[in-house]
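Here the chain labels run A, B, C and D in written order, and each chain numbers its own residues starting at 1.
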Amino acid sequence: MTHTPIRLGMVGGGKGAMIGEVHRIAARLDNRFALVAGALSTTPERNAESAAACGIAPNRTYDDFAEMARAEAARPDGIEAVSICTPNHMHFPAARAFLEAGIHVICDKPMTSTLEDAHALAQIAEASDALFVLTHNYSAYPQLRLAREMVARGDLGPLRLVQVEYAQDWLTEPSDSKQASWRGDPAKAGAGGSIGDIGTHAYQLARFVTGMAPDRLAADLTSFVPGRAVDDNAQIMLRYASGAKGSLWCSQVASGTENALRLRIYGEKAGIEWLHEAPETLWFTPFGAPAQKLRRGAATMAGSRVPPGHPEGYLEGFANIYAEAADAIRAHQAGTPHETLLPGIRDGIEGLEFIDACIRSARADSAWVETGHG
Amino acid sequence: MTHTPIRLGMVGGGKGAMIGEVHRIAARLDNRFALVAGALSTTPERNAESAAACGIAPNRTYDDFAEMARAEAARPDGIEAVSICTPNHMHFPAARAFLEAGIHVICDKPMTSTLEDAHALAQIAEASDALFVLTHNYSAYPQLRLAREMVARGDLGPLRLVQVEYAQDWLTEPSDSKQASWRGDPAKAGAGGSIGDIGTHAYQLARFVTGMAPDRLAADLTSFVPGRAVDDNAQIMLRYASGAKGSLWCSQVASGTENALRLRIYGEKAGIEWLHEAPETLWFTPFGAPAQKLRRGAATMAGSRVPPGHPEGYLEGFANIYAEAADAIRAHQAGTPHETLLPGIRDGIEGLEFIDACIRSARADSAWVETGHG
Amino acid sequence: MTHTPIRLGMVGGGKGAMIGEVHRIAARLDNRFALVAGALSTTPERNAESAAACGIAPNRTYDDFAEMARAEAARPDGIEAVSICTPNHMHFPAARAFLEAGIHVICDKPMTSTLEDAHALAQIAEASDALFVLTHNYSAYPQLRLAREMVARGDLGPLRLVQVEYAQDWLTEPSDSKQASWRGDPAKAGAGGSIGDIGTHAYQLARFVTGMAPDRLAADLTSFVPGRAVDDNAQIMLRYASGAKGSLWCSQVASGTENALRLRIYGEKAGIEWLHEAPETLWFTPFGAPAQKLRRGAATMAGSRVPPGHPEGYLEGFANIYAEAADAIRAHQAGTPHETLLPGIRDGIEGLEFIDACIRSARADSAWVETGHG
Amino acid sequence: MTHTPIRLGMVGGGKGAMIGEVHRIAARLDNRFALVAGALSTTPERNAESAAACGIAPNRTYDDFAEMARAEAARPDGIEAVSICTPNHMHFPAARAFLEAGIHVICDKPMTSTLEDAHALAQIAEASDALFVLTHNYSAYPQLRLAREMVARGDLGPLRLVQVEYAQDWLTEPSDSKQASWRGDPAKAGAGGSIGDIGTHAYQLARFVTGMAPDRLAADLTSFVPGRAVDDNAQIMLRYASGAKGSLWCSQVASGTENALRLRIYGEKAGIEWLHEAPETLWFTPFGAPAQKLRRGAATMAGSRVPPGHPEGYLEGFANIYAEAADAIRAHQAGTPHETLLPGIRDGIEGLEFIDACIRSARADSAWVETGHG
């Protein structure tokens, strides 16, 4: 089979943006995409510089995503897909522009900065023939795919408990970095701080693995750093319609943690535990029997590139999203049916509903509120 | 210095009781106590059998703790201290009898089965010349003593977050065992299930290490196993007067966990983490610097018997309580001033206030309630 | 059953000796022994002081082990067993005196300071009616007992590889401590340094678990610290008659290690791994299937006092030797047949043969030499 | 700066070859290379298929590396560098062809299948203007670069011990896989089995980090699987001219291990430990002070793409070799001086000397032999 990479554009993610480079590495790691167009930075000079560094030709370097959507849609060799890596408040207009131009969208999370925008985008996506993928990358780690399968086939029995947490420390002190400053500005990040930036990842991951979303939550949001306009820590209790309970803790001020996402799920028969620090191990802890260390690649190489013992990590997990997006795009173009576990619009809406519910609960002194889905 | 062990009696803890044997091992491990009297079991035959197995002479084997308190107080060689290891509802009457007889009491937790009894016992203890020690054994692990010191001297900076959890799985399924059945009976255990049995340990430990108690909490209590009259799982959010926040999760249905007590505390400058599975390590995680693995015995041998690398564990930690109780008793007898970190009446009252607050909050659909101390 | 502890004496292990206190705690932990006589220290004053601190009566405090053996053997309530915790060179004469007096001996390792003495002691033990137990305590950890069973019943398949190591760092620098100084004196410790002090433990443990001893070895012994008269590090290769291979590394200069005994065994079907730092876990690693974390107490409570998740450690493992010695002594006294896994004379001889073979190989520039057993 | 990838060719690594895909991912991960030519497989059909799957144009798909070297050298847009991923015996002729054509070579290890070829290749490389890089990828993990710096600046003090091991289990049973079969054929792999395939990695890594090579070794080589023509396990003792000692264990039959490379180094002041299973942590264990967990990216992002807590692994480490090769090639083309830590000819020769010494020692019943460098 002759190899033809998908032509990709990018919005945001210029010089100095961590996540833009992550998207680019993820896109090229499996050689399924070629980055050929971009509107990467907000000033023309930086934009030109960023694009050149990525090997994007000057005539496909755009100062504006709307122009890019129009121009690329008009080219016979125009981009087939676009990656959106801007601050949150730009996700919606950018995604809209490309979806309306019939260009597939791979968008960072949270999907939008408001719940209203999320619903609006859902309608636009519905009306568009193009695909929409949300980069909840953690759900593409092979061991979390395995976890999902195990839950689905009943290895844990009916679920009782969902304990998920995501702890970082990079906002322990006041920060002026570019990454910190837009995240602390509700106009750019949306109303959520840590709940939007990392809480949505934790929430989506628990949702993905368990196959169920809580119908109610009670949240206590805190801004520990003086002057911070959004939460940097959240304690959240979860209730599921099934009777299961859970808790979600996310923090960006947990001194000495790195990027500590941890998921524990307990059912009537067994539990599972997964830690981001060692993402290739899924612990399976059956009641009354020895714990098993389930390793990436040991049972299947799906989502893997190298055998167990050759560590894969964050970039490979992120690349799995891109590889699956490539599969989905090619199938779509060919008109063939295609099943996928890719996160998309529904995950995006639920993420914004989660943020919204947290804020409503926090304003009501942590009262239980409906999540709106559940 | 010639060695003379303290004469010890025991109430409860007869054959088949795990915790009675733990108390006995803890008492003799450092050779500070000699067990010479007991009312160990409820039926005369079992009681005689239990006492003989412990080397207690028949004439100091009592069918009744009240009789034991009277008789031992009257002997010139009567017991100097008593260990109380009964089900919870017997803690109060037994402790009262011995305190009133002037005999020092070493009592298992929770201190009583109701908050009223706790307050009553506090008054009795106040009026008595005898000491009262509550066996919150985890607080006697050397690395948790170190943690307390580190917090107190500001190594972590002002505290922001207290995450404590205690997960077990032994009540995952309905159980008829002796240990399970009284714990599931509110008349014997008190109104709390997991919150009383293990939640009080977690609560006391966080309190001990941080030096602060939450003034409010919001609790979601669950009984997952059908027919269980008390909670077997609790999600609890904590608020401290200082502005710190926390969460406490305790569960006895977390399939595949053993006795997983975990404490994490984060301040403005650093965090610490401790896991019961590896109790000799305290992780110190300063913001912006490498994590340090602080090991038992490395800096000081206080509370240790063997050097680092020779694992000590649960029984040694429990024995630290007994060794310190012996020190306190001998100092008391000698009339010399004596500082101690031993848990006592205050911890007992706070434990019952914690249980009470959890139940009040749960009845109010997880509303924030005052703990009564904080 | 009425409880009657075995009357125990002790030779060596006076004030300041770590291992004497370990033996005493191990002896009393399960309440199977009562320490009633001793010749603990070499000077009369220290001896009296050490004995008083242990609660030994003055009239059973002896300045000399020979006198103690005679006097105790003559008493109707004389000791039934003796613990020998002296420097190595005194093991032989002390063990001889008590064995010849018909008193059971529980002796620290290595059994003697020379191979000749080991053979002589074997004959004495053979001629005596008394039992001889060697405190290779690591072999009494429940998870190593389990490992032995698993090997014996073929869970690993035919064995191929035995990797054992024992690393410490307490002799990294020159030391004048009492414990360091006799260990560095060949007249007191024997010809081996690290190989005698910890190498024999590693060797015995591998032997115990695999059920086989190497018939040849090749050793490279080193004294890294200037002026040290014995080895403080050894690299050793092992060959077994079955065709299996192995290596043993022991070191007392591995900076930053504590007491790091590690055993790994690989067969045609599976491997096992055990680390002293986490002694309650035995890793079972079948070829082609997930690793299993086998935990103390999960399958059986044999050799355990508290359930899994309540850490037991070094002292409990050491106490298992004493508890089993008590069983063996009581069975012997009753004339009932008794199976035991207790280390004894054979382990002692093999330990000295190991030391001897290491030294012969080292003198022959690491040539392969016969171990003499295999 | 405008981005221009280096034009890359590849020899070997066609369909079904794990390591070929690893080289390709590593080459493109940082977007420094574009794969434009190849002689990937041995049969024309497979070759065409492999090339097409990689996006290599038919007119630059060669059936023969010699032809490829000639043709590409003649093109104005010919490849600037070539990756050699064939079985070992083809490394030498292929590397010779490209070096002689002035094309930079990035070659898998071991460098050649015989020591004679290694020396010959050294002369050819000397005579060529092209660069030669050997993909000892483990040495490019950031934490092993850090380890090397720490040793070099004396953080460990003078070194005493080097313990390195590399354990796998994929050859536990007889295997007919393509990868297994050429590795078991001395005509293709060279005289070493596990010592060539993984022992050379372990040897190079210890050499790289310590800055010193042993001058003598004593080896015990074993073929456990019946019919296997080369070793599948090796126990090796090491002696350094400085007086340091070491051991190297490599095995491909250690049931239940994955790709378990472990390096431990102890000096007079401190030790370090690194495990491939958790490659982003370097343990620093100073004598008398707490162990420190040094994490990738915490001090510097050199060799990193994402912050600590976002796991990088094997492919990123391998990509570091490619990124540094790109730097070196661009500097070479520009004629600017360039320092590099890239493994090259010297590592290759030492690797073959290591294999040769192991075999000489094994034939002499594990006698100490000179390594030839040291």
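Keep this in mind: a residue touches a chain if its C-beta (ideal position, glycine included) is under 8 Å from a C-beta of that chain, and two chains touch if they have at least 3 such contacts.
All of these numbers come straight from a predicted model, not from anything done at the bench.
Undergrad: Over half of the contact pairs shared by residue number: find the pair among C-D, B-D or A-C that meets that against A-B.
TA: C-D
Undergrad: If more than half of the interface residue numbers appear on both sides, call it same; otherwise different. Which is it for chain C and chain D?
TA: same
Undergrad: Distance-wise, how many Å sit between the C-alpha centres of chain A and chain C, to the nearest whole number?
TA: The computed centroid separation for chain A versus chain C comes out at 56 Å.
Undergrad: When the centre of a chain is set as the mean of its C-alpha atoms, what distance in Å lies between chain C and chain D?
TA: 43
Undergrad: What whole-Å value do you get for the distance between chain A and chain D if each is reduced to the mean of its CA atoms?
TA: 35
Undergrad: List, in ascending order, every residue of chain A touching at least 2 other chains.
TA: Each of 257, 284, 291, 295 in chain A touches at least two other chains.
Undergrad: Residues of chain B touching chain D in their complex?
TA: My answer: residues 284, 290-295, 298.
Undergrad: Please give the residue numbers of chain A that touch chain D in the complex, ascending.
TA: The contact residues of chain A facing chain D are 1-5, 18, 21-22, 24-25, 28-31, 52-55, 168, 170, 257-260, 276-279, 295, 305-316.
Undergrad: Within their complex, state which residues of chain C touch chain D.
TA: These residues of chain C touch chain D: 156-157, 160-161, 163, 169, 172-173, 218, 220, 222, 224, 233, 235, 237, 239, 243, 245-247, 249, 251, 253-257, 264, 266-271, 283-287, 291, 365-368.
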